[in-house]
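Going in written order, the chains are labelled A, B, C and D, and every chain counts its residues from 1.
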Amino acid sequence: MARHRVGIWLVGARGSVATASIVGLVALQKGWTGDVGLVSRLPVFQHLPLSPWQDFCVAGHDIRATSLVESASQLSADRGALDPQLVKRCQRELTAIDRRICQGTVLHVGETIADLAAPEVRRRRESPWEAVRRLQADMQQFVKQEQLKQLVVVHLASTEPPFDLGQLPATWPDMERMLQKRATQRLSLPASSLYAIAALDLGYPYINFTPSLGAAPPAIQQLAQLRETCHMGCDGKTGETLVKTVLAPMFANRHLDVMSWVGHNIFGNMDARVLDDPQNKSSKVVTKDRVLGSILGYAPQTLVSIENIASLGDWKTAWDHIHFRGFLGTPMTMQFVWQGCDSLLAAPLVLDLVRFTWYAWQRGDRGLLTFLASFFKHPLGVAEHDFGRQFQMLAEWAQRSTV
Amino acid sequence: MARHRVGIWLVGARGSVATASIVGLVALQKGWTGDVGLVSRLPVFQHLPLSPWQDFCVAGHDIRATSLVESASQLSADRGALDPQLVKRCQRELTAIDRRICQGTVLHVGETIADLAAPEVRRRRESPWEAVRRLQADMQQFVKQEQLKQLVVVHLASTEPPFDLGQLPATWPDMERMLQKRATQRLSLPASSLYAIAALDLGYPYINFTPSLGAAPPAIQQLAQLRETCHMGCDGKTGETLVKTVLAPMFANRHLDVMSWVGHNIFGNMDARVLDDPQNKSSKVVTKDRVLGSILGYAPQTLVSIENIASLGDWKTAWDHIHFRGFLGTPMTMQFVWQGCDSLLAAPLVLDLVRFTWYAWQRGDRGLLTFLASFFKHPLGVAEHDFGRQFQMLAEWAQRSTV
Amino acid sequence: MARHRVGIWLVGARGSVATASIVGLVALQKGWTGDVGLVSRLPVFQHLPLSPWQDFCVAGHDIRATSLVESASQLSADRGALDPQLVKRCQRELTAIDRRICQGTVLHVGETIADLAAPEVRRRRESPWEAVRRLQADMQQFVKQEQLKQLVVVHLASTEPPFDLGQLPATWPDMERMLQKRATQRLSLPASSLYAIAALDLGYPYINFTPSLGAAPPAIQQLAQLRETCHMGCDGKTGETLVKTVLAPMFANRHLDVMSWVGHNIFGNMDARVLDDPQNKSSKVVTKDRVLGSILGYAPQTLVSIENIASLGDWKTAWDHIHFRGFLGTPMTMQFVWQGCDSLLAAPLVLDLVRFTWYAWQRGDRGLLTFLASFFKHPLGVAEHDFGRQFQMLAEWAQRSTV
Amino acid sequence: MARHRVGIWLVGARGSVATASIVGLVALQKGWTGDVGLVSRLPVFQHLPLSPWQDFCVAGHDIRATSLVESASQLSADRGALDPQLVKRCQRELTAIDRRICQGTVLHVGETIADLAAPEVRRRRESPWEAVRRLQADMQQFVKQEQLKQLVVVHLASTEPPFDLGQLPATWPDMERMLQKRATQRLSLPASSLYAIAALDLGYPYINFTPSLGAAPPAIQQLAQLRETCHMGCDGKTGETLVKTVLAPMFANRHLDVMSWVGHNIFGNMDARVLDDPQNKSSKVVTKDRVLGSILGYAPQTLVSIENIASLGDWKTAWDHIHFRGFLGTPMTMQFVWQGCDSLLAAPLVLDLVRFTWYAWQRGDRGLLTFLASFFKHPLGVAEHDFGRQFQMLAEWAQRSTV
């Protein structure tokens, strides 16, 4: 395939996942780091003509008054989540990218997130439709200026409170009409969906790496089809839930009876602070929790907690306690402790998703990219939660893609 | 298919795995327990015409001067590994089965195991070939007396010291000749292989649930082909290693770089006491260790220990510490603790293996039953160690079997 | 000292701690068990003329319609928390003791506990003062019938919701007057305090093994002084908190800076079900949490959770994650997992407390028995939370007692 | 007291503990770090006129051809064991101190350590007595040049193989005579003892922070008395063993019966590499293991392993599994995981020991400084292993010191 310049548009572009993704992309482009953590660099995908890192160019939206360099420095101060030397080497590029980051929107993101926003962002008065138009203008401006062939939008902003799909119109024309009406302030679509609409309406693929609503509403999914573009989500599967979807099939395939599965998560970055709000937390807990019943075929007692422990910073520590019964009813226990650096686990997946999505779009894949299920806690349109089988879906797509 | 009575011949019939298997079989035949832990009772295998538990009848060899009731009582005293009530209810059946257990052989089992044997077993003087003939007579007598259609032999005896395959003749005719010669005392095949020869030579399927040599030598595998029967092994995958072969693919599929994987196992049953002998332990450690490199495609630093801690009895506790690097070189850690009752994890697999093997033999499967790989730490003839994929091999065989 | 028959009056006498205490007492009296777990049987206390187990006789109050045999059977079904054989051997004694258990009160215990009560207990209409009088009559009847020299009352009932001390009168005469008045239904003292008043008013020592209010109000402490008797509490220190008060001094004495201490507790017995009520839970979390600041001299971020996981029964599992900084600011981590059988950890302490209290009363100790601090999460009148030093207080009291 | 310049002489001065101690001392002198981790800075010792950090000046012996800056850089590369910024700031001082580090001796240190030495150190031919004289000359030169009032020698070199005290002469005069004789090459005192003799013979206090022999032989202890100086050891108690001596008293004081205690340690620094040699490891395991029996008063089954896992570097990870029985024989379990940075835990203790020792010497303490027991796994001349009580010994000494 011909080479093209492709844009990556990160929503929440100065957050820690975005920062790690950007530092990582720069390091890859400069040849300062290897392939570790990058799924798209596995041997099984080497036959795919995926675009080299040099072809990508990054920008995005954010609501906070900080800078990429500041965010990166904080990550590197955080017990070595990022190598301080590397941050230093990337400083010039980070500053350049920072200039391309535009003001996002805090419409219906909930109070906790809104409180993080810069004053000028919070003061802005605009209708949802006006917001969409403004966000689109930002994206188009980037595409034009950098002469990009396509723009892949990845949602990385903090988790919004849950949203009841029931109140939404079922088709895009209806939703669009309501958005354009004055009275539709009532519609109260959260920011994540406004970004999704902004992107998809322009034909840009949209990936939701968070549990926020994003492109999940049927009307927005229809928009993706109408504009002949593609999307996927939601909620990146990086740590404890990844392990759950790897271990649960073992219990299922050995016919062991899981009686209870308790998972306690502690960490202390910005995400953790947002999740301190019970509203926002509830969105997260749902996607972390639902995988078990789906894999096991029955619902053991489960408990999932996520707590903000400031001293841990980006280091997510999870303790899971699995109580199960074996043959003749004998009760047994498995526990695991996961000590991972959340942003550094997420960042390579963000880059992988962009590469796979851009390639899929080129190949003509439209609508939901279900073959990306292994990347998500709650893969839209996919009932399979077993990570091994999800990965096989990806490998098989790659196989099919080359025939 | 027509129903037949089928024999289960357990080598090490009074050991804790065999005892749990026998108590379990009785409980299943009487309807005193459910399906938990039994792979062959999973929905995915329900279309197979597997024989009901009532069709099976059990006997075997052992070298120790104990009884099934004694063994079962010890397991039930062991912090509830077996329910004391259940052991009581099974007492009459256990006593009846005990009468069908014949004296095994201690030829080349190593000193530690030989020391466990009853005096009359240790005093016995016989050549390997005489031993094979005697073991065969025991099996045939059981088949005749119980009017069995077939006999599935499962090796459950304590782990023997490692054996160098290099010194063995490559074909069965050569091996048979050497065994029959006087001078072949030198051949020094360990007991597990003599049992394998005894079984296969009579056309009985042979399953090696231990890391001992068994039917692994090419000459014995040839014997299985010549007698048109089947076999598989070796070393049941029940606990820590099972988890390893479930977690390692996760690290591989996420392209995470495992730097070191340490696994410490502690338990205190008879097996543990035998593994206290460094000779016997080395056989075990090898099969526990080799799975990682195979799945990951490279060899991280590994350490596997198994130690005899008397107070734990049958409760195998394993701590695994996995040190890995993610994107941009960030080091992270995962640990797990497995607290399982070893014999109760193994027992249902023994019954599953018998059911699957008997069905496979009926269907005409001969030689190595590679589709059983998911049951073994070291599946003969199978390079795949990823448990999820091994399970898929089993499911696909089941699918094929019914076409 | 002369030997006397001494009564043990357990409030919550059919709960799991009481049941384990009673089974244990019977086993000790019959010589069916050893000294393990009994602090009063340590060599350092062997010179004290503590009463032998034979001198004690047990009875109590409860609100539930169950029986000691039932409670004991449940504990023994709970993965061997109690040996089933032992329960069987004690059956006759348990039945006899059961007959001596009288109906307790549910006045102001909160809805969750009240819901557990037998219908006749819930239907009962009585003023707090009438309740005190009735409880006293039960105790006196037992003392008389069994010709007891003294009665030690131990509170073991489920945790009540928290109570604000501020609203209470400061002296016993004032409190008594209010209790006797009609209008004092407003006083709403919780049941635990009514039991305390009932006991202390009769000169019986009162030990509060729970976080409920009990004898903590100054007016009730004054009552103990006026009646020349003694008391202590509160909240038995049996598991996770015990470990906390052992580890925290290590961090303090090494000048290590604890940044955060997270403790997650899961278990599934009746206590756990009561603690599922956020009201009741808050009483518990407070005593579990306050020890750290006291020992460290500063307040790290802490988090304590207690969750009801039914499958665990009496087996309390706690995971604690301690994040601390060492020299030059280097962050380090310690984690522990405690898997203890809650009732069996508490039961011997109940018996120890009775023995020590009865002896102290004989020696003339009145008011708060502060030397018992090591037994409690929140030792009344004692600022010291370091378990080692608390134990030394006990040892020194024993030393002094014999001079 | 009058202020004096005092020397710190580190044996193994470029090892990771020494490096962290030196970086720490520089940081303290410059005011770049706080008191965390420093026992001598606890409030309970604030009334003692301990010398300020500015009064100390450091030098020492080493056998390796590396530099302090190199060692410090390696520690800072080791997942942030040392802050890279701090290392950079200290660079000039480290280089200056490096110049004062003299060549040590490899006499009888065992092959594994000898293999680490610079060629010129290994090639050196000298008798033990000549070595002592040379080491003394180095120390005296430093004292003279820096006009030091006293020199405290701290042994931090890698663990030597174990040594049988039985073969040694019982008095200093006898030992000295043998050392001076030609034939006494046979005496084969390990290097750690030669350093001890060198120091004590000059009246310099000697602290052995390792499990090597050092000043333990009675003849050398006599030398300390003869020269009116003081010494203490051995084997710094920094991590897993510290926790053991904190937890074991809890089990003892609760009369819980420890059935087994398993401790697995993994780490990957230079010490770990030396401990890979079974000879050297055996010295270490002994001091780690003996504490339990002493505290509990009986000997549970124990297992201690230390393994070299390269990827962990200085981060010592220990998993301990404690299996104990409570009341009525109920078996329970406690596990802990310690993830500490070994050198950063040791370094402040080295500085504390120097401060306390220098003050004790000034006060006139001679011979064994038993009040320092809390710093050591195997405190010479002290039977008490309970860390809480050992700390109290230190606090009481401090109390007495000021009367």
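Note that in this section a contact is a pair of C-beta atoms (placed from the backbone, for glycine too) under 8 Å apart; a residue touches a chain by one contact, two chains touch by 3 or more.
No experiment lies behind these values; they were computed from the predicted model shown.
Novice: Looking at chain A with chain B, do both copies bring the same residues to the contact (over half shared) or different ones?
Specialist: Counting shared over all numbers used gives more than one half: same.
Novice: Any chance you could check whether A-D or B-D wins on number of contacting C-beta pairs?
Specialist: Ranking A-D and B-D by C-beta contacts puts B-D first.
Novice: In angstrom, rounded to a whole number, how far apart do the mean CA points of chain A and chain B lie?
Specialist: Here chain A and chain B have centroids separated by 45 Å.
Novice: Find the geometric centre of each of chain B and chain D from their Cα atoms only, then give the gap between the two centres in Å, rounded to an integer.
Specialist: A distance of 49 Å separates the two centres.
Novice: Could you tell me which residues belong to chain D and also touch two or more other chains?
Specialist: Answer for chain D, listing residues that touch two or more other chains: 79-80, 331, 333, 335, 337, 339.
Novice: For chain A, which residues count as touching chain B in their complex?
Specialist: Against chain B, chain A makes touches at 20, 23-24, 27, 33-39, 41-42, 80-83, 86, 242-243, 246-247, 249-250, 253-257, 325-330, 332-341, 344-345, 347-348, 374, 386-389, 391.
Novice: Please give the residue numbers of chain B that touch chain D in the complex, ascending.
Specialist: Residues 79, 259-260, 262, 264, 266, 301, 303, 305, 307, 309-312, 317, 319, 321, 323, 331, 333, 335, 337, 339.
Novice: Once bound in the complex, which stretches of chain B touch chain C?
Specialist: Contacts found on chain B: 79-80, 84, 337.
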